[in-house]
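In the two complexes below, subunit A is the common chain; its partner is subunit B in one and subunit C in the other.
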Partner chain A sequence: MAWFDDLLFTYQNLAVALGVNGLLALSMYVVLAVGQLSLGQAAFMGLGAYSSALMSLQLGWPFWAVLPLSCVVPVLFALAVGGPTLRLNGVYLAIATIGLGEVLRGVYLNVDVLGGAMGLSGIPEAAPLWLIYAMLALAVLVLWQVGKSGIGRAMEAMRLDETAALSMGVNIRRYRLATLCASAVLAGLAGALSAHSTDFIGPNDFGFEPAVTILSFALLGGIGSPFAPVLGAWLLTLLPEVLRPLADVRLVMNGAVIVVAVLFLPRGLLAWRMPRHVRPGRAA
Partner chain B sequence: MLKRRTLAAAALAALLLPMAASAADPVPLGAVEVLTGPTAAYGTAAKAGLDLALEAINGKGVLGGRKLSLTVEDSAGTKDGAINAMRKLIGRDKVVALIGPTLSNEMFAAGPVANARGIPTIGTSTTANGITDIGPFIFRTAMPEADVIPVTMRKAAARGAKTIALMYANDDAFSKSGFEVMQKAAATAGLQIVATESFASKDTDFSAQLTKIKALKPDAIGISALVEPVSGVLLQARQLGFGAETQFVGGNGSNSPKLAAIAGAAAEGMLVGSPWFVAKPDAANQAFVAAFQSKYGKAPDQFAAQAYDTLFILAEAIDRAGEADPAKIRDALTKTEHTGALGPFRFGENRSPAATEGVVVLELHDGAFRIAP
Partner chain C sequence: MLLQTSALSRHFAGLVAVDRVDLAIPQGGIHAVIGPNGAGKTTLFNLISGLATPTAGQISFAGQDITLLPADRRAQAGMARTFQNIRVFATMSVLDNALTGLHARLSASLPAIIARLPGFRRAERDAIARAQAALALVGLQDRAYTQAGALAYGDQRRLEIARAMAGGPRLLLLDEPAAGMNPAERAALATLIRAIAAQGTTVLLVEHDMPFVMGLSDSVTVLNFGRRIFAGPPGAARQDPGVIEAYIGHKAAVRLAGQAP
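For the complex of A and B:
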């Protein structure tokens, strides 16, 4: 089965990227689901990646202990910054969260134990492929169940009309903070899994550009259901590799596909919304 | 059902299995370069150098007439792009040796993949510290700053400098490690360091640092930073009255045509070390420059020269190895000696360039670099 080994070897990194980017797309999805344009996912991912890498490299902890702990730092960070930033809305929130990402990048660059601009290398490749996909499947399942529940209805109400949701008794502040924390958990997991499957992380992996890429996953896929952003992430991750034979015009084609998708499918590739029962006795 | 599945598997296998290598087949080599994105200039220059070298080498072939087939893949300047490209070259194209990736960060991410698989990989433009520490299959023909700056410092000392002040950007890894190299190199060259001042890469006002340095009257000032802040320091130094009696010394960040473009006359006389220079008079370099000119209609740069020489070094190693086997090529690389556009070259103990004879010290004169007299 030498050819199969070669096939696996060739596309191993792509398979990892599909799983990790799927988690990142979900991390974006949970904040977009309550109508918050919060772009801190790359920063959360960086915190997960750096904290897990340090636990592995400096403390030598086993991966099964590192993985759950890698969500702790991003969540603490989300709780700390959630208070002030969640008073903001729309582009102001977007700018503030991008700023936080840049602050963290400055920290990674200047703190010696974090490796500075050289990043951290020699991280053990401890994350098996099945674990990445198990995490992704679990995340989709949980978000699907939450989306179908009353919480999901409240979230959708917030997205469509915040004032109306407030008047219906939805605790908007609490929902915002909770979704930010959920976003931090998902991105932190993605960061730890990615750091433990590529050997090396650097400050620029978690700056402005990845933040925008993660947003584009969710925008391309749509936010009607948890499947949509994952589909968007997979398409955007696969496209550059599928188009590799085109050589020079590869990125042009990549861009063209995205532009066409956005122009003709403004609600995302998967505009379909998750089904909800209308309870008897209530008007839909 | 079973039959159909077996058939499908067989068809897939036939698709993926390369035909058994015969003695007349070309030797498969791969290169990973940045061909798209903001850093594409470095990768496309390297690719031009590789293509030129490939034509010349395939004129007579290696291993008694076999041609080289070079597949160049784009990394788009990203970590994932470099890893994907490298895995594709190793897994699908079955390359026996690799050149690249272009950027040091890409090498840190993708190098371990090739090293674990035992495919010799040669970086042509990766100057950062620790590149070859990735593993025994990782080489580089790029000269690290730690080898270039000492030559520049010796030149400054030979011109009569006894004391030096150092300035550096403390928010940039390249600038900071360059400063550490300068510190050591100045001491080794017998220069006394009278002051050390730092600034941030985006600063525009350096008058406080320069005024302090001016009072100490050093013979030379070493600056480790990217070209924009270096130009800013030079412009302000001239305003504060530093004249031709002060020798300015720069690192690789100053080795850029942008220095003269931004700083103009203020950069006159600045010394910069470089692994290569377009007007280097030796025959091998002039032949390379002429061949590049006639193929592409423009002058080559440092990245093209490094890539050009590297493919020749690799071809010689394949001949020395006697067969297209990655492990044998690796061992042969450590023994290969080559004289090309960069001057005489061989790999040292740590698989980085062994000698610094190829380093030229350049001086900015009338808005262009020339070999420092």
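For the complex of A and C:
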């Protein structure tokens, strides 16, 4: 039954990737929802992955203690980076957050205890698959509830017109910092869960390329509801598997799908927006 | 005084947009800041609402010095405004726009929001009722579920007023509310502004349309080249030689004075 084990192994990896990428897409969604463009999601994921791996490998702590702590580390970085950079808008914040990712990559490469270019291996595979999906479901639920509340309204208002939102009493700076922290929690969670299901992490897993991939999840899916970016992540995770027979032109097809989606579906594949209020008299 | 500015100035590089302006707006009534185009009216409004920071001078609101208070805190303190160029949240529903005006009044905790605790539900129901009342005030109650961007121009202007009024502000700032309106719409707007003032909200509006302001306001402040050149009742503004000169120019003012009986 070697072929069956093989199959299970392959799909186990895919199942982990779908869950983890779903969380990463939500991490991107939270920032885009207030109109900010941050490319620090991969960096936050790396912080979660490395800090959780160190806690498991060096300190031998149990996974249930490691998981929450690995969300705290990226938040500390988000707070440190957020203070000075959240004054920046548009592409400038994106550049600053790419900088964070590159600096951290340099640190991972050059600090011995972080494994250098070889990365860290032998991480206990302590994250069960059900936990990954439970976390994803929880994240979708929380973002759905918050999105439908006054907080979601303020977030959408500030994405549409910052000046008007400010004049309505929305504390723009606080919302930006809070969403960056929420984004760091989700990415850190994804990093810790992925590190503890794949046994190995390396510095290049969290560089510029994954940062752009995470952005494309949300671009493809859309940001009308928390379901949209997850859908985008799932499609972009499945697509390379489905296109595997195409071999060399696989990445070309992958890119073409993104270009076509951005050109023809500017609001994403799932343009449906979560309803905040139902007209009275209609079935609720 | 509900709102007071003293020697308020704003410089843009070499340009003095607002020059040592003293403004005193009492509680209640309708007050106007008028002046020719480029007189500094909108800059003064941005200074008052906190979207611009003054180069010098002070602003106090309801007895509190708010010179350094950020715009969102001023909104929370009971100041609401509309914009000269419409700034409704176009892809949100009309009701959601009005609800945004209540932002400062909603303070549910995150756990209450996520678990939909009774406190959150009650606050949200209450907010919707207030938002609906604000929409009814401007006559948009039947459009609550329409997308704001799909409303006609005049309706978008009224939605901005509803959004500003939803939170029950003490001071409503209207930046050129009659811009782009026809005479019938202007008359309806004047009625609406009177109704707002009758509810107890103090109204401060910026306009360059003199006739619209004259019939509506209890007091008028006239700006020209960033300076205050007149403050007093509207009737006196019409007679004031400085104001006449600012509007029609020096030569014409002299000619007009010569023709006077």
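Keep this in mind: the second predicted complex is superposed on the first by the 270 of 284 C-alpha atoms of A that agree within 3 Å, B and C clash if a C-alpha of one lies under 4 Å from a C-alpha of the other, contacts with A are read in each partner's own complex, and residues count from 1 in each chain.
Here is the rule we use: a residue touches a chain if its C-beta (ideal position, glycine included) is under 8 Å from a C-beta of that chain, and two chains touch if they have at least 3 such contacts.
The model shown is predicted, which means the values in this text are computed figures rather than measured ones.
Looking at the shared chain after the overlay, A:Asp6 reaches subunit B, while subunit C stays out of its contact range.
In the superposition on chain A, A:Leu246 makes contact with neither subunit B nor subunit C. When both complexes are overlaid on chain A, the residue A:Gln145 reaches subunit C alone and has no touch with subunit B. Using the contact criterion defined above for the overlaid structures, shared-chain residue A:Val113 touches neither subunit B nor subunit C, since it reaches no partner. Once chain A of one complex is fitted onto chain A of the other, the partner contacts of A:Ser121 are limited to subunit B, with no touch recorded for subunit C.
When the two structures are aligned on the shared chain, A:Asp205 is found in touch with subunit B, with no touch to subunit C.
In the superposition on chain A, contact of A:Leu14 is made with subunit B only, not with subunit C.
Taken together, the two complexes place no residue of subunit A in contact with both subunit B and subunit C.
Residue ranges of subunit B in contact with subunit A, taken from their complex: 12-13, 16-17, 35-37, 73-74, 76, 79-81, 83-84, 87-88, 90-92, 94, 105, 108-109, 112-113, 117, 128-130, 134, 171-174, 176. Taken together, the subunit A residues at the contact with subunit C in this complex read 141-142, 145-146, 149-151, 153-154, 156-157, 160-161, 163-172, 273, 276-277, 279.
By the touch criterion stated above, subunit A contacts subunit B in their complex at residues 3, 6-7, 9-14, 17, 109-110, 116-119, 121, 198-200, 202, 204-205, 240-241, 244, 247-248, 250-251. By the touch rule above, subunit C contacts subunit A in their complex via residues 49-51, 70-73, 75-76, 80-81, 83, 87-93, 95-96, 99-104, 106, 108, 110, 113-114, 116, 120, 124, 127-128, 144-145, 163, 167.
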